[in-house]
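Here subunit A shows up in two complexes: once beside subunit B, once beside subunit C.
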Partner chain A sequence: MTENIFLITLVVLAIVALNTKKLRRAVVYLGAFSLVSSFVYLLYGAPDVAIAEAIIGSTITTVLYLVALRKYQVFSIYYANSVGDQTSRYLNDNSTFLNNLEAFLIQREMEPQLIYSGAPIETIVDQEKFDLAIHHTDQDIWIYGCAEDYQLDAVEEYLLTNYGDLNIHLIRCAEGEDNEA
Partner chain B sequence: MTDRSEIISRMTGLLYPFILLFGFYIILNGHASPGGGFQGGAVLASVFITRYLVEPDRCIRLKTLKTAEKTLFVCIILYPAFFLFSTTANHSELMNLTYLVAMNFLIGLKVCSGFTIIFFRFAFYEGGI
Partner chain C sequence: MIFLETTLFVIAIYIVLVLVRVILGPTIWDRLLGLNAISAKMIMSIVILAIITNQSYLLDVALVYALLGFISTVLIARFIEKKGDIS
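Moving on, here comes the complex of A and B:
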């Protein structure tokens, strides 16, 4: 009887973990899932397996998943401006643009990290590790992104719907060799 | 984590000795009760892994851990070989007991260092950031 209750709990937890929107919450449900499953092992008379499942399933994998999520979440944006004298006007104009972009990224559960750079855009693209590099010239906004980043599609869609009137060019670069850690 | 929580760091600091004690209990009592080298080693490794949550710095010495793991691996291979081939006479009860406890202990330490290496490798060197 007790076993059946816990087995049903397992199924419910698995479905809930699959259907949550936020990944972090799904990881927590997965930890609870392995805890309950280790208890089921204990009920079936396998305490050895239960200990291993409780430790590996609910401690180590949970922490590993959380670290992986956190590593993926930091989204670094390089911002280079080459407008020249009329910087003040463009900077005011542009800060709302950047703020909205950041708000959009936060909404997608990421942590935007904005870096203002005085270096020319070519060196940034060549040498730095970036997720987005924004180059602002007199009329155009050039945005460089990594082609393998699936977040870039969402960013592009967002920019096209909200900032269609600005001259935005999106360039997908291949993954550089020095982007390897 | 970027914003360290005071509560978590204090509580894990309090819990470390108990986790360590529990891990060594599981390892050293593994021949008589459920548990053993692997499970106890995983418990010991969870000490290091929760330490990462408290203060994520790089002061852990991965190279030493790697050497320790390799040495332990050689010991794990050599000790049963010596045990099997050294004495032809019947093994006494006490010898078997020491053999089991020592093997559990070696395996536990090796699993602990292995898990720690895997985790810190992943946390510090993979994925670019």
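Moving on, here comes the complex of A and C:
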């Protein structure tokens, strides 16, 4: 009877961990899952496996998942600020634009990191590691993104719905080649 | 012996009740406290299992649990580092 309760708990935790929407919750559910599963190992008479599960499953795996979540959440945005005198005219507009973009990314559980750079946009695109690089001329805003980054589709949709009136050009670079989307 | 088995059963019921809080819990803090409670209940049930089966090496497992169980809770709390209703 007790055994059955633990086994059903295990199945429920596994299903919930797979179906959850937020990654943080999945880490918590997986911690509980590994706790219960190591007790089930004990019930079936495998204490050495249970010790290994307790050390690896509930400690090291949690640490690794959390570190991976931290790395994945940082989203660096380069803002190329090389226009000179004209920037003062556009900086106000663009800063609300950037603030809204940051708020959108925070809502999607990312940690936006804005970097203002005086270097020309070509150098940034060639040399730096970035998730988004933003550059603007008088009328147009150019946004460079990496095609493998799956947040880029959401960003594009957000920009099209909220800033459709601005002239925004989204450029996806794949492996050094610039493909206009 | 029937007493110990009943105790194990009751602890299993407790784990299920805490699990409801872990799964439903509106904020992440509910889930975190539920995880900590499940870990405490697990240590108790391992000790009781050691008494039932009369095998003292199961107590080593309980010891490992008690020493390592808090690390995941502390690290998740450190990772979030924000206040308020975070789901």
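In this section, the second predicted complex is superposed on the first by the 170 of 181 C-alpha atoms of A that agree within 3 Å, B and C clash if a C-alpha of one lies under 4 Å from a C-alpha of the other, contacts with A are read in each partner's own complex, and residues count from 1 in each chain.
Note that a contact is a pair of C-beta atoms (placed from the backbone, for glycine too) under 8 Å apart; a residue touches a chain by one contact, two chains touch by 3 or more.
Predicted model only: the values in this text are computed from it and were never measured.
Engineer: Record, for the superposition on subunit A, whether partners subunit B and subunit C clash or fit.
Structural biologist: fit
Engineer: Please indicate which partner A:47 is in contact with in the superposed arrangement: first for subunit B, second for subunit C, both, or neither.
Structural biologist: In the superposition, A:47 touches subunit B and subunit C alike.
Engineer: In the overlay, answer first, second, both or neither for which of subunit B and subunit C A:55 touches.
Structural biologist: In the superposition, A:55 contacts both subunit B and subunit C.
Engineer: Touch test for A:63: subunit B only (first), subunit C only (second), both, or neither?
Structural biologist: After superposing on A, A:63 lies in contact with both subunit B and subunit C.
Engineer: Scan A:71 for contacts with subunit B and subunit C and give back first, second, both or neither.
Structural biologist: In the superposed model, A:71 contacts subunit B only, not subunit C.
Engineer: Who does A:141 touch here: subunit B (first), subunit C (second), both, or neither?
Structural biologist: Touch partners of A:141: none, neither subunit B nor subunit C.
Engineer: Let me test your reading of the model: by the given contact rule, A:26 touches which partner, first (subunit B), second (subunit C), both or neither?
Structural biologist: Neither: A:26 stays clear of subunit B and subunit C.
Engineer: After superposing on the shared chain, does subunit C or subunit B touch more subunit A residues?
Structural biologist: Of subunit B and subunit C, more residues of subunit A lie in contact with C.
Engineer: Students often get this wrong, so check: with C-alpha centres, what angle lies at subunit A between subunit B and subunit C, to the nearest 10 degrees?
Structural biologist: Once the two structures are overlaid, it is 50 degrees.
Engineer: Once chain A of both complexes is superposed, is A:10 in touch with subunit B (first), subunit C (second), both, or neither?
Structural biologist: neither
Engineer: After superposing the two complexes on chain A, what is the shortest C-alpha distance between subunit B and subunit C, in Å?
Structural biologist: 5
Engineer: Intersection of subunit A residues contacting subunit B with those contacting subunit C?
Structural biologist: Shared contact residues on subunit A: 47, 50-51, 55, 59, 63, 70.
Engineer: In the complex, go through subunit B and note every residue touching subunit A.
Structural biologist: Touching subunit A: residues 1, 26, 34-36, 38-39, 42-43, 45-46, 49-50, 52-53, 115, 119, 122-123, 125-129 of subunit B.
Engineer: So in the complex, the part of subunit A that touches subunit C is made up of which residues?
Structural biologist: Result: residues 1-2, 5-6, 9, 12-13, 16, 22, 24-25, 27-29, 31-32, 35-36, 38-39, 42-43, 47, 50-51, 54-55, 58-59, 62-63, 66, 69-70 of subunit A touch subunit C.
Engineer: Which bits of subunit A are touching subunit B when the two form their complex?
Structural biologist: Listed in rising order, the residues are 47-48, 50-52, 55-56, 59-60, 63-64, 67-68, 70-72, 74, 76, 129, 179-181.
Engineer: Given the complex with subunit A, which residues does subunit C contribute to the contact?
Structural biologist: 5, 8-9, 12-13, 15-16, 19, 22-23, 28, 31-32, 34-35, 38-39, 42, 45-46, 49, 55, 57-58, 60-61, 64-65, 68-69, 71-72, 75-76, 79-80, 87
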